[in-house]
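Following this line, the structures themselves.
Each of the two complexes below includes subunit A, the first together with subunit B, the second together with subunit C.
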Partner chain A sequence: MRFLLLLPCCLLASIALSACTDFVEPNQLAFVMGTAVDRAEGGLIEVSDQIVIPSQLSGPPNRGGGSSGDAGSSIVMSATGRDVFEASEKIQRKMSRRLMTSHRIMLAVSEAFFNENDAGKLFDKLGRDPANNMRDMTIVVRGGSAKEILMLRHPLERLTSIAAGKELQINGLTKFSSRQLILEHYTDGLRPLLPVLQIEKVRTSSKESTPFAALSGFAVLNKQLRIKGVLDENESAAAVWMSGKGAYQGLTIPWKNGKGLLSFRLVHLKRTIRTRSCGDSKCAELEVKAQAYLVENTTSLDMSQIRNMTDTERYMNAEIQRDFQRTMNKIQQWGPDIFGIGEHLHRHYPYWWKSRQHDWDERFKTLDVTVKADISLISIGSSGGQMK
Partner chain B sequence: MKANAISRSLEENEAYLRQRFHPSSDIVFRVFALQDRTPLLLVYLDGMASVESIEANVLKPLLFGGLPEGIDRMRTLAETLRREWVPLANVLTDESLESLVKHILQGNMAILADGEASALVAQVQGYEKRSIQEPLKESTLRGSKEGFVENIRTNQSLIRRRIAHADLKMESFTIGEYTRTEVMLVYMQGMADEKVLASVREKLKGIELEGVIDSSYIEEWLENNSFSLFSQIQNTERPDIVTASLLQGKVALLTSGTPFALVLPVSFWSGLQSADDYFERFTFVMLTRFIRYVMTFISFALPAIYVALSTFHPEMVPSYLMISIATARENSPFPTVIEVFLMMFVFDGLQEAGVHLPNQLGPVVSIIGALVIGQAAVEAGIISTPIIIVISLTGVAAYTIPRYSATLPFRLLRYILLFVTGLLGFVGFAYGIIFLLIHLVMLESFGTPYLSPIAPFDGRRMKDLFIRYPFWMKSGRNKKGRQS
Partner chain C sequence: MKLSGYQLFWMTSISSMIMFSYIPITLAVNEAHQDAWISILLGGGLMMGVTWMALRVCMQNRDKTLVRMTKDLLGTMLGKIVVAAYFAHWFLQMSMTVKDMANFQNLVMLHNTPMPAVLLCMLFLVFYAVYKGGITAVSRCAEVIGPIFILILYVQLFLNPQEMDLKRILPVYADSGWLQIVMGAFSAFNYMLDPTIILMLFFFAENKRTASRGILWGTAVSAGWGLLATFAMLAVTGPDMAAKMVVPVYSLTKMVSILNFIQNIDVFYIPLWLLGAFIKLAICLFILSYGLSEWSGYRNWRRIAGLLTVVWLGYVLYSAQIVQFSYMFRNIWLTGVFYPALYIAIPLLLWIVGSIRKRQQAAN
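Then we have the complex of A and B:
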């Protein structure tokens, strides 16, 4: 009895306390799947939101309408403002539905924006506003505006944002969310590494070639979130692995004598950082570990011979070590420590770190970092020797 | 001398009885003289007493055999008849006319003799009764196929057959001013809690009812908290459930005229446990219990959760799912809460109609339900598909609960939770669940906390809650009763 009396009382009280008109029907919401940030005239920011049109998206495939990549399954709304919020409010004023950014998959920022603005301020909005889920991928758009990427049509997916998200995910690159970026931005001994998308023309059928946003490398950013350099494809693979963000990748190396190639699939990618004192500075060693499966062998090696296997393993390790060291040196020249070596030093030598954290980018350039590889060849595939 | 004591004059007695039963036509008065000396009067109700039994056991010996010569005048005639002449197992003498009337009404036959102040009551009950059948509402895949029937003697025997022990006690109570229904208190002496027994006895004696039609009448009088959604007494048609409960130290009540026995005290969990849980392999029971508990939660919470997620917290739903929901709801004319409420209402309405429709018309409801509500409403864009899925799932989930009466609180809770959630989102949902838990923790069934053994926690008794331990692991548990 008391229960029956108490319940309505408490409900009435809570109705008074909270706004009971909080609810929004799904058809009063505009789901933003992707956002592009570009610079605009006069130091303004141009924000573009890619919004799905639910009525154009097909539910069951047989309902007609909305085949994949269908025209008009999304619209792109843009506005300029002094900051992200102001621009978003301007978009909101043009919309019949409330913008819902919690389901965003991609945040595209043009390279030009990074180079001319303090991008840290952009990400303040992301970290502060609880309406962002921070699971969205942050990417850099090279050559062209980020808005264009949103307007592109993808031959396979409904929206380019979904395509970009899936593209990273399917290639084992899952650690590039906004959350990760913000963490990296606020961590002293770690610098962000962001995927770079570029618009390419791809011939998708005999008649036409469609513009296509494809992953073309990774951008290395410094503490002020300015792009210090962009890595090419090979370097990207090395950098991603060395910064501990990849899950798996492929590797192709020519054999010693230059005749034939060896290809491996690498899984269980790991990396370990070790640091020690050497002189008055510190030395770091970065070891990469993986398991390799041989998937293609065009050399004359007979892999059923154990000697050849160990040779291959040794040679592969040496090659990777050489390759990765080169990438490491290149990034060191640029300055930003995307590997988190600074963070490792911070934890192990806190007093040493304290006096050096402010100019870490400069110090990282001269730090002695050696790369080691410890990759074990665990499978030579289902055929032993070369096909005769 | 009491006013309704049997008189020595047979005419007076007959007049009294005739007047008492006037103008009922099914009462039979049969007068005959014993060897032309003593007039005897047989009184019984036609249809309630077995005519064959009367003829074979009373009339034949008396008419053809006659009383022996030199009857011992020290004994009354009734006593003589009882000792020597009526070959029936259950015979007693009575000295009050009013109690004679009661016996006659129960289907017994009264034998009155002239010049005697006592009467003989011969138990010759014989009326049509249902035979033992498989309980329909609580059928199991394995285990006994016997179910209780309306006859209390049969029901008693169903329990006695299963527990052949003198500690099994059955106390009889007569309840109902007019129906004079027999209610049997069944328990295992030494196992059942004396305090529970005393309180049940006291409550049974305090019942003021004109009639007891079903055990539910007794149930409502016995319950401590009648306003609760949750019943504090279990009802069952299965003798094996009653037997198992008795052996756990619980108390059962059999009521004449209904196949539903009452078992008390119970906990929240006993409503969610099926007899099959004890008949199947315990490893599989782990799965079925898990499914049942999850489905129980779905059965009262899913509509509310759906409303909270889709209209208050769309950011909590995975992106693709949310877009699917948004796509489906694009043209819906009603707000989600109203739509869910409408569908729940219609679902319960169909269910109610299905219960009351004659069997031949049963399919009509399913056709109307499936075609009109399910398909037409969706195609017309009045109701959206996700809501149909949610409501059907909710409706089906309730029936994973093995006992029908245990589903009822959850069906009501559904509406309450939907209401608070529709107002406040997950905050309201949390309010609803908190109040539900407060209520359940406070609720008691004859001294046993309703949520035990979870609250208050009792690790030893957890062996039969989420996982039913094999019997040999639980052995010794019931050695000294007081289990609930």
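Then we have the complex of A and C:
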């Protein structure tokens, strides 16, 4: 009798506990590695998902003379919709497998989308749906649609999204996740700075030149997430360092007399913001700090001379200061405070900040910001004089 | 049925942490923004005080449960009404916890499984544990689950070091001001810890001294966890994003990425939360059915537990249809009158009456 009672209970439990009702095997899943968001006709959003083809992923990437490499290890599916989910659902309908976005690495958004839509719309889906991990890198695609970037093949990696993720990581630029972007969007005294990908033609072999997506600069966004300007390569290095989001680790400067160059490898890159009251307004000072190793010297300086070393150090600091100040002024003209100086003021002068937070983009333009550099040359490498 | 101080420590800490990990952080952040930690600190301190007061009451009436206690101190009629309010509180808490648990599972993992199926599994387990072993079985389970549960929940708060920026809690005070901080504490403290269950559980404690020590420590451990969780939340996401999160502690696990390799660890946390919820629900079901049996005079509390489970299931299924029930926790009557009365006013009243009685007895 007791057994008869327990039996249906156990059977019922075994169905529910094994989650048979939500049974999805790995071979029923489609892993989305990258998503591209573009603007489509009539105010619609075009969403493209880069989906890995598992059967192409096993074995070495170029087995059989590159035949599998040519076939591609991913496909790009796209659809348009009024919002992100609607478009993703349309993609889902064409797929034999369930889309899984938990492992996405890259979220590429085209420049046109940022400029013509309210990009804040994307965040709702990112934050509300638990299937998003918010660790994926958000990047801006310039000159062309974001979809194209996904379709390109990368000479080194299997997927462009993996390549983009690695490219940022290997260069020490780590703070560009979509969570970071949402955070910056919500913070009053900080504006987003996003990496920009652009399609470049690169001659990878003697026969052909392949287009591939490479990091070409950084976009400066304002509070409404409109792109106010795009920084070129040199300015990017300065801006990223000054905004405290990691930095490129190389630096080359011409020597005073214009003869020869000095190149350094930089480690322990930091930046600090200091603010003080000056008159009615506030003044800010942004200091960048690093340790430098001399790695290339084409000047006539003999670095084993202590005088030359201190000279170099002083000159390098002055040079960086001048260079960075120029970038700072340029960004200030655009308006968005990507450095978080506003947030620093918010934290140190909260009452002063209260009345000024609403038009910070305008106020930042006229703020007095000085850039200081404190870079110490700690090594001249393994040779004193110049190698000839 | 006897409980040791050690078991009481795990039981109070688990059930308090379950309460803490769900609503109060969001409520506090909504009101006080980056000063939410002050609200949590205030609320946590207040609830520690309430726990201490409840313990004083229990120590004065060490051989009685809440039902007999109120009857002796406040008279039969008033006592029964007061206890009925506690019963309603526990029942609401149980229903809310189990409904949110089922909804959460449907949201995160089991998109197609019908909600009643998830619900039935949990209710059956809870009922079975209570029916078969009473509070002894539940406390043994708590002893096993507790160490893992608390350790891993504490560890979780430190898994995001690279994302954390403690400066996000600045500026302190200036943006919100006392009014908002107190408002945050006021709206959140009701859901922070779980001090009412000890009014029933203390009766079962074997050694009253170690038991009260265990309960205080258990409460302190979970209050500390709540405070740290608020800090972690603010440091990782900042106040504006944290205020928009419905299940903040879950979102925190989603953001963990250790060396870019260990990710999506929420899979490990969900079973743990379920185990914790099981303890919390089983404690509630037990004290409710035991209390009801004393209250009504019907001796067999096991049968009451069975009946109660059916009513509970019915109520949860019914309330799941009505969206308004899910937002009851913001109801001003509940947070402003009902909970403060249960947590502060009634224990205080019992304490005062108990003290006066004692003095009179001593005088005679």
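Methods note: the second predicted complex is superposed on the first by the 350 of 388 C-alpha atoms of A that agree within 3 Å, B and C clash if a C-alpha of one lies under 4 Å from a C-alpha of the other, contacts with A are read in each partner's own complex, and residues count from 1 in each chain.
One rule holds in what follows: a contact is a pair of C-beta atoms (placed from the backbone, for glycine too) under 8 Å apart; a residue touches a chain by one contact, two chains touch by 3 or more.
Values in this document were obtained by computation on a predicted structure and should not be read as measured data.
J.: Looking at A:Phe31, would you say it contacts subunit B, subunit C, both, or neither? Reply first, second, both or neither.
T.: First partner only.
J.: Thinking of the overlay built on chain A, is A:Phe3 touched by subunit B (first), by subunit C (second), by both, or by neither?
T.: first
J.: Could you say whether A:Val52 touches subunit B, subunit C, both of them, or neither, answering first, second, both or neither?
T.: Once the two structures are laid over each other on A, A:Val52 reaches subunit B alone.
J.: Is A:His346 in contact with subunit B, with subunit C, with both, or with neither (first, second, both, neither)?
T.: After superposing on A, A:His346 lies in contact with subunit C but is clear of subunit B.
J.: Could you say whether A:Gly381 touches subunit B, subunit C, both of them, or neither, answering first, second, both or neither?
T.: After superposition on chain A, A:Gly381 lies in contact with neither partner.
J.: Should A:Asn133 be classified as contacting the first partner (subunit B), the second (subunit C), both, or neither?
T.: both
J.: Between subunit B and subunit C, whom does A:Pro254 touch in the aligned arrangement: first, second, both, or neither?
T.: Touch status of A:Pro254: no partner.
J.: For A:Ser102, using the defined touch cut-off, is the partner it touches subunit B, subunit C, both, or neither? Pick first, second, both or neither.
T.: Once the two structures are laid over each other on A, A:Ser102 reaches both partners.
J.: For subunit A, give the residues common to its interface with subunit B and its interface with subunit C.
T.: After superposing on chain A, subunit A residues 15, 22, 102-103, 133 contact both subunit B and subunit C.
J.: Tell me, which parts of subunit A touch subunit C in their complex?
T.: Touch residues, subunit A against subunit C: 9, 12-13, 15-17, 19, 21-22, 102-103, 127, 130, 133-135, 169, 174, 179, 182-183, 186-187, 346-348, 350-351, 354.
J.: For subunit C, which residues count as touching subunit A in their complex?
T.: So the residues of subunit C touching subunit A come out as 107-114, 117-118, 120-121, 124, 162-163, 167, 170-171, 174-175, 237-238, 240-241, 244-245, 250, 254-255, 257, 260, 263-264.
J.: Which bits of subunit A are touching subunit B when the two form their complex?
T.: That would be residues 1, 3-4, 6-7, 10-11, 14-15, 18, 20, 22-27, 29, 31, 33, 52, 54-55, 57-59, 100, 102-103, 105, 131, 133 of subunit A.
J.: Which residues of subunit B touch subunit A once you look at their complex with the stated criterion?
T.: Residues 225, 227-228, 310-312, 314-315, 319, 322-332, 335-337, 385, 416, 420, 422-425, 427-428, 431, 435, 438-439, 442.
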